[in-house]
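Heads up, there are several structures right after this.
Okay, so chain A shows up in both of these, paired with chain B first and chain C after.
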Partner chain A sequence: MIKVENVYFTYPNGVEALRGVTVRIEDGEFVTIMGENGAGKTTLVKHFNGLLKPTRGRVEVDGIDTRDASVAELSRKVGLVFQNSDHQLFSETVEEEIAFGLRNFGFDAPTISKRVEWALNLLDLVEYRKSSPFMLSGGERKRLALASVLAWDPKIIVLDEPTIGQDYQQKVKLREFITQLNAQKRTVIVVTHDVEFVAECRPRVILMSHGEVVADGPAPRILTDYDTMTKVSLLPPQVTQIFLRLSDLNLPSNIIDIYEAKQLLSARICKAGSK
Partner chain B sequence: MSVIKVSNLTYTYLGSEKPTLKEINLVIDKGEFVILTGPSGCGKTTFCRCFNGLIPHFYGGDLKGDVVVSGLAVRDHPTSELSQYVGFVFQNPENQLFALSVEKDVAFGLENLGLQRDEIRRRVEWALDMTEITHLRESAPYELSGGQQQRVAIASVLAMQPEVIVLDEPTSFLDPLSAKKIFEVVSRLNTELKITIILVEHRLDLAVMYANRVIVMDGGRIILSGHPREVFNSEKAYLTGVGIPKTIRLFQLLREDGIELAYVPITPDETAQLIREALKL
Partner chain C sequence: MRVFEGLKFKRASTPIHKLDPRVKFFVSCIIFITAILFNELLPLLILFFAQLPLILIARVHREWMQSLKGASIFAVMIFIMNLIVGYTSPTFGYTISYSLAMAIRFLVLVASFSCFFLTTSPDDLGLALEQSHIPYEFCFAFTTAVRFVPVLANEAQTIVDAQRSRGLELEKGNFIKRVRNYIPILIPLIVGAIRRSLELAEAMESRAFGAKKTRTSLYSLRMKSIDYFVVIITLALFLLAVYIRMAVAIPRIEI
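Here is the complex of A and B:
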């Protein structure tokens, strides 16, 4: 469990990135953190593995105050996959990259080689095992960054903007993958402004703006709140936008799913036609 | 009048065994707004590199066929010359901006062209105005938000008065409202200045309404080209795994139930309107 209590964080240059954030994330939850560019989303998740420590307030991971633990200890529990995978990759080969974290955590050689195999397969990177990470495409590099974190099997996985630069098929795969991780009782936290992706995943949504949490709840409630969404520089999903324009027709206003939309509209149009 | 003409283009990167682009034929007319999309690795970015001669001049490799931009065969003209006709805006504006003020960044390309001081000043004013960042002229680019930075990158390119602007996933890092703002600015350059736009994009929901043509690439080839309403409603687009805008998906799903909306909608406004019409039956 992650407990964030009234956290303030100010960067050395004086920018106050978090201003009194209180959030609790239970084990096994699937949460997305959304908000405008510069809202403090990345700053917040960097507190989860101790990369940043609060200027004021406290962050607890599994009951441990992050100020009392090293990044290495916390990383074992909380795996963070960065937005720009180039900041994360540095090894000569793809398999070296995946093995690096495992070695640092002190796994023995047979376990390391087993886990590396597992991660290569899981993320479809087997054919690149001897390639340099920098020869991979942007999408492949993102998968590698994810593979090298999943290899040590953290129970909490944080993905910062995983859909950037990914095509639709890759997003579908990513969604299936997240669902699978979540089904295996892992906590998944995704930072994103990809509204359509979130609408398809239906997680709990935490909205941030100017360093504060401004809304927190299930996706169908948060994503369909037009005023709050636009205030944080987001737009509701297209399906929701259609329903908002039909609000005088007595249709439900909390629709984010396209199949649900189709059923409702289809039934309504058929009824109108039979009259 | 065509501004880009590509004939039988096949291109293989240096050291690569298979071609990345295969037998591409394409004509883009002046003033078009084209969205170029397709699965990762389909060759979109490689294709764009041919428009300002980075291919073959910088990347080398083997280029067969012809690419003519603004009447210049890219094979015979250096990138520095082609850059006056084709401007590029990339995914991450931080890689493109370097000066200490917005104004200086926008002026940089012009100074290198050796233009007169007055002309430089005039064009900088104009580019800042068109991209709506006049108020940011004294700011340092690194202090700006991602959306503002991207508008500075567009202004720098615009100041060169190119005939074509290529934008390679310019809004990936931006939140939806900032992205929308970028598309609106780009659309204005297209409609008011008749600049030809080539937008490489996965994020189609927000961009599609501005385009008059969508080109889908797959495996180094162009597999679809036409109006967004036709292309995204085609079975081929669906099977290629391109992200179909949700308005069009809804149109298709309703059709499966025997409900025919009057045409293929590409905005929520159009969709809502069509549903109202269907209800009046």
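Here is the complex of A and C:
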């Protein structure tokens, strides 16, 4: 469980990135954090594994104040996957890259090779095991970055902008993957701008703006709140926009799912046709 | 990363900022040469403190202090090295004073060049180089390097964060281990810098870099009377320093 209590954070250069954030994330939850550029999303998740310590207020992970634990201790529980995988890949082979975290956390050799095997399979990287990480494509590098964190099986997984630069098929895979992780009782936190992606995942949504939480609730409620969404420089999903514009036809305005929309519309058309 | 903080230029219009960059560079170089002329504590201390008024006029004292703080660890190392090597001297007191002088000499160099970089915009610097008839490719390479220092510092911080999130503890282990701990930081940083430079080259070529042999600039630097004045004063002080070096016995401070 992550407890963020009235956290303020100011960077050394004087930029106040968080201004009184209070959030509670329970075990096994699936949460996305959205908001405009510079809203403080990344700053917030960097507090979850202690990379940043609050200037004021407190952050607790499983009851431990992040100020009392090292980044390494916290990272064992909270696996943070950075936005740009190029900022972390350095090893000679894909296998080595995945083993890096495991070595740092002091796993023994048999466990390391078992976990590496598991992570390679999980993210479909087996054929590249002996390749250099720098030879992989953008999408593969992103998957490798993810594998290298999942390998030590953190209880809480934080993904910063995982959908950037991914084609549709990769996004579908990613969504299935995240849902699967969440089904295995892991807490998943995703920082993203990708409204359509969030609409398909239906998580809890936390909206941030100028270092504050401006809305927090289930995806169907938050994503269809046109005013709040536009305030943080986001637009509701396209299907919601259509339904919002068709509001004089007496259609519901809280639709974020294409399948649901299709059901509703075809029922309506059938009814109109039978008259 | 603190050392870089002290090299970041911030736009301001104090008399020091307005000086011709060539003049400022000249002054910094003269301070550099003067510092090398002397290895006694007293003149080096004077040289160090003589820069304070300039820093205060330019209102960059905070950034300046920061770069000195960053450099102080090296100054301490220089002090200790000189102490260990124990310059062939009659007394231990003299060794200390000599080692201290060497540390101060280093700080004088950092201080003067920090002052130069803090008060000279990279654009002015590029212009100064160009007008000194240095080929434009070299000027461009130099200004780009200066321009990318903060970008790289930023990127280094992100990489450190990413690797710490994977359980890397930079401060752990003996000396060799600690040095090795930096490999996961340096490789992504270097690879990133190379990639960036290739991209930059492509972007420049697509904007017709080097299409014409002769370039004109929108702005050009012109020496004003204050600039000449500063050059003359600096030269006079330098000649005085050379005279003192050759003809005056400098009092030794022994600790």
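A few notes on this one:
In this section, the second predicted complex is superposed on the first by the 275 of 275 C-alpha atoms of A that agree within 3 Å, B and C clash if a C-alpha of one lies under 4 Å from a C-alpha of the other, contacts with A are read in each partner's own complex, and residues count from 1 in each chain.
Following the convention adopted for this analysis, a contact is a pair of C-beta atoms (placed from the backbone, for glycine too) under 8 Å apart; a residue touches a chain by one contact, two chains touch by 3 or more.
Given the structure is predicted, the values throughout are model-derived calculations rather than measurements.
After overlaying the two complexes on the shared chain, residue contacts for A:H87 are found with chain C alone; chain B is out of touch. In the superposition on chain A, contact is made by A:S75 with chain C only, not with chain B. Looking at the shared chain after the overlay, A:N37 reaches chain B, while chain C stays out of its contact range.
Applying the stated contact rule after C-alpha superposition, one finds that A:N104 touches chain C and leaves chain B untouched. By the touch criterion stated above, A:V149 is placed in contact with chain C alone, chain B being left untouched.
Of the two partner chains placed by the overlay, only chain B lies in contact with A:I242; chain C stays clear of it.
The partner of chain A that touches more of its residues, comparing chain B with chain C, is B.
The contact surfaces that chain B and chain C form on chain A in the two complexes do not overlap at any residue.
Every residue of chain A that touches chain B in the complex is listed here, in rising order: 35-38, 137-139, 161, 164-172, 193, 195-196, 230, 232-235, 237-239, 241-242, 245-246, 249, 258-259, 261-262, 265-266, 268-270, 272-273.
Residues of chain A touching chain C in their complex: 46, 49, 51, 70-72, 75-76, 79-80, 82, 84, 86-90, 100-101, 104-105, 134, 148-149, 152.
Against chain A, the residues of chain C that register as touching in their complex are 155, 158-159, 161-169, 183-184, 187-188, 191-192, 195. Per the touch definition, chain B reaches chain A in the complex via residues 38-41, 91, 145-147, 169, 172-178, 180, 202, 205-206, 241-243, 245-247, 249-250, 253-254, 257, 259, 268-269, 271-272, 275-276, 278-281.
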